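Below is one structure. I have some questions about it.
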Amino acid sequence: MSSLTFTLKEVTRQRIDCSPLTPNKLADKSLADIAKIQLVTGNLSERADALFIITEGDSQSIKFKGSNSKLDFIGHNMTKGKISVDGDVGAYFGIFMEGGLLSVKGNSFIYTGCEMKGGQIKVNGDAGDFIGGARPGRRNGMTGGTVIVTGNAGARAGDHMRRGMILIEGNTGDYCGSRMISGTIAVQGDCGRHLGYAMKRGTILLNQMPTRGITANFNDCGTHTLGYLALLFTSFKKLDTTFSRVDNFSRVRRYAGDLAGIGMGEILVKI
Amino acid sequence: MIINGVTIDETFAEAFPMKATRLIITAHNAKWAMISAQAFTGFATSVIACGCEAGVERQLKGNETPDGRPGVSILIFAMGGKGLAKQVETRSGQCVLTSPTSALFSGLDSEKDIPLGQNLRYFGDGFQISKVIDGKRYWRIPVMDGEFLTQEKTGVTAAVGGGNFLVLAESQSQALAACEAAIEEMQKIPNVIMPFPGGVVRSGSKVGSKYKALNASTNDAFCPTLKGQTSNDLPAEVESIMEIVIDGLTKEDIDKAMKVGIEAVCKLGSKEGVRRISAGNYGGKLGPFHFHLQEIMS
Amino acid sequence: MTEKVEEVIRYDVPSPFCGIASDDLTVSIIGQKVKVLENGDAYTSPGFETPITDRAPRVNGKEVTLAVAVEHTAKLLRKSKQTVISGLATDLNGARAAMALADKGRATVDHMNSRAVFKNTLVLQNTGWMNTTLSEVKNRVDMLLIVGSDIEAGFPRFFERIIWPEDTLFDQDIESRSIIYLGKGPSGKASTSPEGKKAEVMLCDDADLPEVLSVLRALVAGRTINAQEVGGVSVTDLAQLATRLKEAKYSVVTWVASMLEFDHAEVSVQMVCEMVKDLNIKARSSGLPLGGKDGEVTVNQVAVWQSGYPMRTNFNRGYPDYDPYLSDCLRMLKDDEVDTLLWVSSFDITRKVPASKALTVVLGRSGMTFDTEPAVFIPVGTPGIDHKGRAFRADGVVSLPLRQLRDSGLPSTFDVLSAIEQAL
Amino acid sequence: MLMKLTGGRIYDPAYGINGKVRDIYVDDGWIVEAPSDGKVLQELDLRGKVVMAGAIDMHTHIGGGKVNIARTMLPEDHAADVVARTELMRSGCGHAAPSTLTAGYRYAEMGYTAGFEPAILPSNARQAHMEMHDTPIIDKGGYVMLGSDDYLLRMMAANNDQESINNYVAWTITHSQAIGVKVVNPGGINAFKFNQRKLDLDEKNSFYGVTPREILLRLARAVKELGIPHPLHVHGCNLGVPGNMNTTLDTMNGIEGLPMHMTHIQFHSYGTEGDYKFSSGAAEIAEAINRHKNITVDVGQILFGQTVTASGDSMHQHAGHAHAHPNKWVTMDIECDAGCGVLPFKYKDQSYVNALQWMIGLETFLLVEDPWRIFLTTDHPNGAPFTSYPHLIRLLMDKTFRNEVLSRLHPEAQKASRLASIDREYSLYEIAIMTRAGAAKLVGLADRGHLGVGGAADITVYTDHADREKMFSKPDYVFKDGRIVVKDGDLIDVTWGTTHVVKPDYDKSIETSLKVYFDKYLTMKMGNFKISDDEIVDDGRGSLTIQPLHKGGRI
């Protein structure tokens, strides 16, 4: 069965809240019912079929076509099924997600994987600020699952991240791993300023020493062979990412910080 | 039933339900993985006094272990989950955590689990690091040679302990040679261990004793030196008897192990002094698992 | 025919312009002309003295009555799919009316200074802080650490009023007060003590300030830092600073959020606030965020008590929905999501309306100029000059009654926004 | 427009009326005599209904700096209880730190017609009034906080006479537009600024040498001598500290018979017995309250769930910061005046300490004999949000329900309390005393809390439901100043209540020294500190009601 497909009719001026269009929420809904779903855009709400051409298909495999960076909350709270998006997506891609598969052929705006608990998000492009972050006032960002970004990440990737994995094939912006509580961020490219700022625990694994080096709020713990990295790389193997092809390494230079706080975070740089 | 001149008694071994787990110890090389495994499984012959029965299941190549290093898989059996957890914890702490270059993983997935590194982590004194990889939690505990990596939990499964057979031979050296041959074959069978030293027991026991303090004592019915003093049916030419005890994850695993073990013994045959194969039981009243020798060999 | 107008002198006049609510101004009023005679400063004097130029509202550049301008605005709002009410440089009742209008018109609210304000708000919402207020600082501070801010450039009277008073409650020798700049240095001499003791300065670039603060906090916590220097500041010097902070009886760490002009400065503010908490394990220390201009504190306070949320809250769905990123007015304008912008700026005519494609309604101080004539311009009175009002100062605790100094006939922002709300 | 409320069962303890069927006449916002000509314009049939005056919350943190800090801090708490706009009501948020608008609506929906903010800092009074001004329907007012302000402590250190302290208290209450005086951790907030981390009743402030006991005596005397009806409102020393029951008992004994209201007494009734070194002191405290007729208390009942604690007690809020849940918190030193501390908190029924706190509160309710001297509060939001009052009323009125809830709590805590053995169930009459007549008397509201002629027509009508939680959650009618604002539990009209104040007289010459003090040491002018009556009236929506002083007052 082909995918249930939402093709955006025209680029709207206001953002569109797409949270109602997930496999969970559309399961067992008729096409007519789906067409009637109200989507908030600006200070109005509009019927789904006013904004999208809806093509019947498997509600457990949803496609968005002609999407752009104003489509927010795609994959909101989903626990199963998959959504794939042609184009860019807006903010909060995969917010609260617990399971299933989300992917976008394009860029995502801020808060990709915000407070996600499980499942997998793949951004085949660049992701905006606050990947896996926590909304203001909340203390825990993502607590499980995997976010893969094939391009570059914005600032504050993994801010308040508590568990799970963020794999960035390109470069990261500033403050990668800021206020990280735990979990793993792996980066193949370069990192911006203030790497690991206010990090409590967790691991930032780097394929190369960042151009800017490591800041003074991290102390060098020397070079080591860390056995657990073998397990980590094994776990990458089954993921659809260039990380599955990265040569395993377990020799790293280890930096511990941010010393301002409990200083239990680590930046591991391949040597 | 007679195989190659060896009589297979029409009797059965009687075994008990136990709880078991499998652990994988890896190390810088096979030697150090084995050293740790042997320490872990040392003094673990019988639950009665050791708290558990444990043994090396087999050696693992790098491509068979979670971290890609040479390793050893071991099985540990105890009467219950709690006792098993306690043994796993103390032995892991004393024999794996301490052993150079080691890492420790669960070798058994199951619904129920017991702590593996969950409490060992406190050795890290706050510097321990938790990592969840593929849904499993690991602990990285800083130690003097680097980092001790251990999985947080290991699975627990229902298992069977106490499968056995007895090799009755004309001389001590022939009994031993027969048992060695059996053990060599049995070690190739997965999911079982033979927990006694070298896999062979020379002091089979019976339940009870004339001394109140003891609840088991020598199996006088199978002590050749007592042929004339106790009621037994040991043939005159049998001078030495040795036992192989098998713990396995399932009854079928033990079946297989016993079969290849007995076959190896019978292969030596009467010409190598092996006369009879028998088994230990308690009349079928105590253990729910019965291993009928003739059935196994048929 | 000119009428002879008497000069009226008013004393103890509070300033809505300076952020620290100096309320000791002496002001001369001659008819519509206001002049600060005493205690003015670079913000306050121009603030009071800006002359009234426009009086008539305009719609599409044409002068109209207030009623027409209000009705026209209501019409725009009725048609709007996304209104943002921003600028919001106003007083308490202006803020109240803005919130009521936003609620009814399903609009988004934001403030012209939000970029700075949120550097503090996000910290309050994430880990909180231990802060103090101006009078406590005035009487108790023995060590003032100024982070990344040239205070006198933004708050010309801060030192004179708060740091170098003649008397303090606890008979402190004010010459013993230590003033230490970390990051930026002072542009003038306000931080020099009455007897000429200069402030200590530890300079570093903004780009390095986050790390310097992190290392300082680490040193306060007693950690070892391997590096010899951070951002050009010697770690030994920072260690000495950490020791002095720990030994101070009442240290105060202050910053001006609008002067922390780098992205994500809130994590640096958080670093400072957490350091203050650490210091309080044994000693006493407090943070003091300076700001409060253009009604920024007032408007956030009102928004919070009326809706639960500060600025950058939308009412798109009929209830308040807070999002400091998506509901950032400037971002929304940049991404062309706003069809109607209602911009309130009743204090400072130099503040510009941000350029956008939105239809723009400006409630502005008389004398404002525009690069592009807005759809509607309604000149409004300035709180504390043209009408009474109330305004919070930087510490968010003290609010002052603003006075009417002249009878300009200009409507208040409250009047205009309430009329628009009625007309909706 | 004269309206007759016919045939309701009236509970009006101010007049000793306990469930008698009576008619009530309302005209122009007031309760009036039956018209001599018998003509009424409208009649409402209340036969079979329970009729009480509108309820009064005499201690609820509804406005002011610390409440707004709490609101700002908790976007996540609001998000779970956002309230959409209706034709009638503005949007907002509820739960732990509700928006002012929603707070007003929800109080009215529960039949409450007045609430009093118990901790107005003089330096922050303007804000408190602005917030209360934006709180619809209910009447409001507040108690101004003194006792850690440097001005008072200087006066005491200089051994100024009681007269001058009375003048200062009267001046402060007048110009902060308050109806009573509150003291929080007497002197302790000030001591914290000198880095003292605790201050017992007889411990000296390290700078001023003044003790909490002396502060309490001075202020309690001032309140009495000024004729302020509301007794000194005391949040005592050692809030939340195990063993503080002894301090509380000492405080009662030490006040020398002066009227004193001890607030959220539950938080001050802890012993140190048992394995957890935390035990109930409720029995001893209740016994002491029963004995000391000069003492009134409100309970500050805790109920389980997420809330936020907001207090002027910066010293103890700082000490408790490790318990913040979620882990974020604020304390502030404020204006040589006071301080505040805000900590989100989650009370858990499986926590020994929290379960015992719950029991201590209920024990206190049930063991204090005189309902005129104990008041129903959760110290909103510190013990629980005010919206849990109907649940709390049911706990007091329904022993079976109470014991059923009790049986689900931390088992060790259950053993440590005698609550299960207490049979008392509050009657409707007693509830009416606690939440109406007694509260009005305590706060000093002459025209509220009763249904007598001349009283304001703040009236709540209930259906007598066996489930008291249901009954008190959804009144049939709520009248505010004669207007029906709630019908069948739903808001149908939005009005704006008045602000109740007292205006004790004082010697104006006090301003000479106060002006010098403001000019020298503070950062605002005395004239700008004062809140004018106009500011309360504001845009015309507000109003000021000056309540009479006691005759004992020096006027």
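So that you can tell them apart, the chains are marked A, B, C and D in the order they are listed, and the count of residues begins at 1 in each.
Following the convention adopted for this analysis, contacts are C-beta pairs under 8 Å (C-beta built on N, C-alpha and C of every residue); 3 or more make two chains touch, one makes a residue touch a chain.
Everything numeric in this text was worked out from a predicted model, so none of it was measured.
Undergrad: Counting only C-beta pairs in contact, which chains form the busiest pair?
TA: Of all chain pairs, the one joined by the most C-beta contacts is C-D.
Undergrad: Nearest whole angstrom, what separates the Cα centre of chain C from the Cα centre of chain D?
TA: Taking the mean C-alpha position of each chain, the two centres sit 34 Å apart.
Undergrad: Please work out the Cα centroid separation of chain A and chain D, and write it as a whole number of Å.
TA: Chain centres of chain A and chain D, defined by C-alpha means, are spaced 48 Å apart.
Undergrad: Report the inter-centroid distance (CA atoms only) between chain B and chain D in whole Å.
TA: Comparing mean C-alpha positions, chain D is 71 Å from chain B.
Undergrad: Would you mind pulling out the distance in Å between where the CA atoms of chain A average out and where those of chain C do?
TA: It comes to 35 Å between the two C-alpha centres.
Undergrad: For chain C, what residues touch not just one other chain but two or more?
TA: 125-126, 315, 317, 322
Undergrad: Quick check: what residues of chain A touch more than one other chain, meaning two or more?
TA: In chain A, the residues touching two or more other chains are 136-137, 139.
Undergrad: Please output the residue numbers of chain B that touch at least 2 other chains, ranges allowed.
TA: Not one residue in chain B touches at least two other chains.
Undergrad: Taking the touch definition from the header, please name the shape of the chain graph: line, ring, star, complete or other.
TA: Topology of touching chains reads as other, fitting no named class.
Undergrad: Would you pull the chain A residues touching chain C in the complex into a rising list?
TA: It is residues 13-15, 40-45, 70, 72, 91, 110-111, 129-130, 136-137, 139, 155-156, 174-175, 178-179, 193-194, 197-198, 215-217, 219-220, 258-261, 263 of chain A that touch chain C.
Undergrad: Applying the document's contact rule, which stretches of chain D touch chain A when the two form their complex?
TA: Touching chain A from chain D are residues 73-76, 326-328.
Undergrad: Okay, in this complex, where on chain C does chain D touch?
TA: Chain C reaches chain D through residues 12, 14, 20-21, 23-24, 92-93, 96, 100, 103-104, 121, 124-136, 138-140, 161-162, 165-170, 249-250, 280, 283-284, 286, 300-302, 304-310, 315, 317-322, 390, 392, 396-401, 414.
Undergrad: Write out the stretch or stretches of chain C touching chain A in their complex.
TA: Checking each residue of chain C against chain A gives 80-83, 105-107, 122, 125-126, 207, 210-211, 213-218, 221, 223-227, 229-231, 235, 263-264, 267, 270-271, 274-275, 314-317, 322, 324-326, 335-337, 339.
Undergrad: Spell out the residues on chain D that touch chain C in their complex, using ranges where they run on.
TA: 63, 65, 67-69, 71-75, 78-79, 82-85, 90-93, 97-101, 121, 123-124, 126-127, 130-131, 134, 150, 154, 192-195, 207, 318, 324, 327-337, 342, 520-525, 527-528, 531-532, 535, 538-539
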